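The two complexes that follow have chain A in common; it is paired with chain B in the first and with chain C in the second.
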Partner chain A sequence: MSTKNKKSGAKGTKGDILLEMKDIVIDGYSDERWHEIVKGVDLTLRRGEVMGLIGESGAGKSTLGLAAMGFVKPGCRLTSGSIDFDGVDLMNAPESKKRQLWGSRIAYVAQSAAASFNPAHRLIEQTVESAVGHAVREESEAKVDARELYASLQLPDPDNIGDRYPHQVSGGQLQRVMTAMAMSPRPDLIIFDEPTTALDVTTQVEVLVAMREIVERFNTAAIYITHDLAVVAQMADFIKVLRYGEEVEEAETRKMLTEPKMPYTKSLWSVRALEKPEVKGDDIVISIKGVDAAYGGAVKVLHDVNIDVPRGSTVAVVGESGSGKSTTARVITGLLPPVKGEVLFNGEALPNALKDRNKDQLRRIQMIYQSADTAMNPRQTVAEIISRPLQFYHDMSSKQREARLVELMKMIELDETFLDRLPNELSGGQKQRICIARALAADPDVIICDEVTSALDQIVQEGILKLLLRLQKEFNITYLFITHDIAVVTAISDEIVVMFQGEVVEQGLKSEILSPPYPDYTQLLLSSVPEMDPDWLTQLTDARSA
Partner chain B sequence: MHPVISTVIQRLALGVMTLFFVSLIIFSSIELLPGDFGEAVLGQAATEETKAAFRKELGLDEPAYVRYISWAGSALTGDFGTSFSGRNASGVDRSRPVVELVAPRLWNTLFLAGMTAIIAVPLSMFLGITTALYRNSIYDRVMNATTLTTISTPDFFVAYLLILFLASLNPIFPSLANVSDGTEFWDRVYRSTLPAMTLTLVIVAYMMRMTRAAIINLLASPYIEMARLKGVSKMQVILKHALPNAWAPIATVIAFNLAYLVVGVVVVEVVFVYPGIGQLMVDAVTSRDIPVVQACALIFAATYILLNLTADIVGIVTNPRLLHPR
Partner chain C sequence: MSEEETYSAAGEVGQVKMRRTALQRMWIDLKNAPFSAWFGLTVVVAYLLVALFAPIVAPYGEAQVFPAPYAPWSAEHYFGTDQIGRDVYTRLIFGARNTIGIALMTTFLSFAIGGSLGLIAAINRSWLDQIFSRVVDVLMAIPGLIFALMLLSIFGSTVWTLVVIIAVLDSTRVFRLTRAVSLNVVVMDYVEAAHLRGEGLGWVMRREILPNILPPLVAEFGLRFCFVFLTIASLSFLGVGIQPPTADWGSMVRENASLIQFAQYDMTAAITPLLPAAAIALLTVGVNFIVDWFLHKTSGLRDEH
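Moving on, here comes the complex of A and B:
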């Protein structure tokens, strides 16, 4: 009963320590042995405070976040350290004891809302499950409360949205319902595990605002895990940076942003500083003329798309998911023949369908994909993967190929020894470099890059972008760069095409598009991109409500 | 119309079509059976004229498509024709309608199948859920090993073991399951116990292992982890969060095993001298009693189609994406 009194009664003042983790070591099992994932990290969180936990993937931030609940994923183990949550020793507590805390005093918000809701139950049943299960509230009372939470999270039709099933609402809405679910038992601590990573920037803003307000309103402490610095700057009172399972530094948010101490932290910040000076190109290499496209003949996804791509420059195609960016790429490559319109290459019309194009036409346009993992045959070595275009397009003998492979590896700044490796022996950034080498092997005029950096960490991202820029300078390659990340756009593009619902909203030089006046959608898109300024979200919501 | 209803209607139509093709196959494959019924009945000494007369009497001289249409047409009205056996070339006709032969046997088979299902389905669901809950425990291993042993053992052998232990050494149940129309309900249950136990042992393993696998498969889903992190107990996680999403594969394997109970139990029937439809069909094949064979084959096919259809429908109505479209 004592815990319950604490909950409903004195919530504690902001100064009290709520969670104290000391010298946490967590092992993960892979390659048939145990590795340390988290190597002796300390973490202290006071009531009502929001801590940002940032780092690249593999830094151990999610593992540490879950450990704050006394939980480890299957295949991991808490090796040593101590976890004290408001007087409860979570390190040694039996599962039944921890279960009493989970979903009543500590709640969890997962990254993928779509996967984290049970498809078989209505949203409101899942929202109130923990509050009812832990006897915090009666079911009917909990449901009334849930509807109020939906309303304060700005969900549409808050009285009825809970009667829907997870597949019937959008990703952004689900993420907010999950926040309501976490808040339903009024926990003392919420762990947000990359809650907005899977969302579009425009949706992300709404979710961030909703989460921040509700956390403030109930004075809930939170650990906010993310790899996006700008996002964490909006949410957190202080930030802890992790790398390779160790703490790099911890500081109050403003201080961390203005004067990071460690070189690693500075490097995290510097990615945003990359910016290519724009060049206006006149020699149009690819011209898309009045293209309409549809999948399965029925649903039209592109409407009268016109895009000109000048030789040797980078045209960034931006827009949220579903805006037709990738479909445009499929039309150019011939994977999806357009219903109407045509694609000109050096002024000549390309055959619509892939199978009607000749080898030379195919060679001149190459593609690099978002997921390097699935774009490579896992059973072929790097040498085999890159050799294929050399053989197919250039008919090279094995000796010529060998020489060319070495050259290509130099271009992508990887050692020759990588040639004998299999894709799963490479890191994410290395894999993407191999994909770039494969595209280069064809000697293309144009490379279409479809979200090539969005699966990568900031620092790796920067490396790939720099590599692409260097290659462009050396070989005068043209890029059509599809992305939803505005930071990447400023880093690499000369021209920008903004797409929305299958139509081109505007096209122009970077400096024109990124400066006012904006068409409505461009305005919304640009203003939704989080900035490093901790006051950005507040100012944005003020500006939007005004 | 609700999409589920239209899907169900669609599946029903497909089922009817399948049944039509199956009836064609049944009809033509029996046509292709070697040997001649007339010769089989009348003996090799019969003259060509008597054989021809005999064939004419049975309508075997008509072209195949005419016979198919009249057979299928009357089968639709529930008339499967007259059994060939019992006919006497001397003129005294003791033959009986196929329905009269098949109906009591079918009832016996359905009774045994139903009795087995009532024991086996809840038992395997229980075992499947508990082994998933306590997976990799001693209990799980013992249950898995036991059920694996029972499916790996031939069914007649299981039957003889049960007879040995429960009928011969400890005479608890009768070793002969000779039921008839007049047998009282509880007496029937009593007599059918050993065959039902045999069949249970044979089919429980499939259903239990599928239930266990379907649930464990889901336990790695993020929403199961979410449920655990909401403090839901392990039992509730499985019953409330895993099971509702696991019905489709479980229903399929249950349907498959129920179908086996109707169509595949002839060996067990023989061991216990149980007068089921399997024995009837085997006898009919031996005596070339074509109408009976056709009727049995059609019933078997319809059983399979109907049960699989049911499993499909269960799969649809337990899938909220189909039941509650956007």
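Moving on, here comes the complex of A and C:
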């Protein structure tokens, strides 16, 4: 087995079974007792194959991925099953044996590269650490190899980038350095745990291309964990769908995409089919006129931004991170008074600063945040959270509030019993629904949604989007929808505003923006959104290099 | 403040339901509490009972003088009498009342001052924060005990000046802690959401931030409470603390300290001055057991195995 030529990187014969996991059961400890997280899943991986593991959060995909290394997180335990990695029984191997394998023959790429690097060491030191530590090769040799890896991962200035510290490179670059780190000892197996989830679409494409190439070149087997189907379609040879810790379906990627068997898998696929027929509105409710904004007076983040938002429709603001989307929202809400220009509400200028606006003006513009976790006070019950706007804006008596609370809960399709719960007793989707209810309680004209679905799984996302659409129809609410996800944009918007580096690139109806001819940036943004076609990435790279 | 009143009357039907669950939760917590927490609770409750019912529990009056000073332990005087013939046992009981009462008042006052200023500084983050923080720096630069001694000799040593001076000096530490932990909370989206809603400073402080910084504050409360004790005891020992004939544990140690040298002739005589010291120690341990338990419960440590 270990007669492999490390220089060329070709390992074993393609098609040999590398990893075999049988009937894996993993328990997790919560609420003072043990629960089964993974309930008897089998997994077989051959050399050179990439397996996609998908499922919602809580499906047990990360736990299973880690178990492939013979590792469980604190608070979990491997209860039964067998793990055979190239002849080594990882289930019963002593820690010392496992430590030899980890970082040399099995590598792990974590979701948040920024949190996984030691900020006090240079990148190259960390890249070669495991290879040198496991005596795979000499330090000087490993460093030369690392630079080659940087080059093949298309990192800028591959000879010198390793001398930088983690905070001196971007998130996408850091994720690629981490892939180089995993590759450095030429492992047989790499486990990618949502490696591109934290990146925006344009960066994601670069990282995906780099990772796919390097995995192919060294004939490495990989497990790719994600909840994004379109991404996994580009990476994996075959896909395993997990739900509630059980396997739903496993098939080759193409087969899985074209003819999924199980209803659950089909429902995963259908999320992206959601599409709202666009409506052209002409009664402008919010109008941003020539706004310049800056943080701390010095750094200008918005330049001459003009956006019109018609009543009762959804305007999606798209752009990569740093394009000024959220800053625009802060200007509208008054959190960041603009340096120049003004915001008109129903034709009247809103006072620039939050403290100069009256209660009614505040009530009419509500906000829903990306992270529902931090948007709700963890020490207040759902009832307290939702009833505060009722009391604050509408001066309702306790009886009126009680009745209205029940109504609101019905609107967001949650049971009344949720009213007594604290936020940490809710799931991600439920939390976001409560935030929506809080915004609705104010009875607003406009709701600003700042990436409200980007932290959620596809199915939960779909539920939230449908809810928002229904509420819009019923109450004629206007949404300003900030997002970087084009699938969400097609699902919900009437009009689209494309932003780039603090400027509006274009604004128009969805059908206009999403059809050619595009300005350069819109083209780049749209083409970077992964599609459910396994050949999409190949075609894209061909097209871009041409 | 009519706004406040309507809030407290909020959803009466719902409130009853919630309150019961809160009580149940408390009972479950108590049942699962470790032995140390039960020990701490028992000690504190016992002290409080003794302090409350001191005149009933004590056999004699607080300042009642008997003919024999330094009397040995007997059935008449359980722990003997002190240097001018007052019953030590009685004074221990009254000491609980004075010492705990004053310590509690001082700690509450210092938390009211330090806590509210710390919160304002954290929310405001402008020149106000700078002024508060620098004043606190200056106050903290002067050794506490010496500063307290100086202020007490200026303003006179009454119970009230004692309480206010120790509270103000202690509030500097509370201010720093409150400000530091609040800074992590004020950046949360729910605080921004409250600002966007148009909430005033009071609401943001009390409803949004305070509940979320409570665990470290309560822990600090337990510690500060004990330190106030020790400060009062040492001030009393130096003679500027609680003035005679009011019984307090610190001065009782000082007044009878000389008895220790008789250990070789009469063990019980030597123990007498140590009794009030032991009373302080036991309460300190008890309070800290409770605080530890509370911290453990709220920090989520129990989920790690």
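One rule holds for everything that comes next: the second predicted complex is superposed on the first by the 536 of 546 C-alpha atoms of A that agree within 3 Å, B and C clash if a C-alpha of one lies under 4 Å from a C-alpha of the other, contacts with A are read in each partner's own complex, and residues count from 1 in each chain.
Assume a residue touches a chain if its C-beta (ideal position, glycine included) is under 8 Å from a C-beta of that chain, and two chains touch if they have at least 3 such contacts.
None of these values were measured; they are calculated from a predicted model.
In the superposed model, A:K22 lies in contact with neither chain B nor chain C.
In the superposition on chain A, A:M69 makes contact with chain B only, not with chain C. Shared-chain residue A:T381: touches chain C; no touch with chain B. Chain A has more of its residues touched by C than by the other of chain B and chain C.
By the touch criterion defined above, A:K300 reaches neither chain B nor chain C. In the superposition on chain A, A:R421 makes contact with neither chain B nor chain C. In the superposition on chain A, A:S398 makes contact with chain C only, while chain B stays out of contact range.
Common to the chain B-facing and chain C-facing surfaces of chain A are residues 74. Within the complex, the chain A residues that touch chain C are 29-30, 74-75, 333-335, 354, 357, 359, 362, 366-367, 369, 371, 374-381, 383-384, 387-389, 391-393, 395, 397-398, 401-402, 405, 419-420, 438, 442.
Residues 69, 71, 73-74, 99-104, 107-108, 110, 112, 115-121, 129-130, 133-134, 164-165, 167-168, 181 of chain A touch chain B in their complex.
Of all residues in chain C, those touching chain A in their complex are 3, 6-7, 9-14, 17-18, 21, 188-190, 192-193, 195-199, 207-208, 211-212, 303-305. Touching chain A in their complex are the following residues of chain B: 220-223, 225-233, 236, 240-241, 244-245, 318, 320-321, 324, 326.
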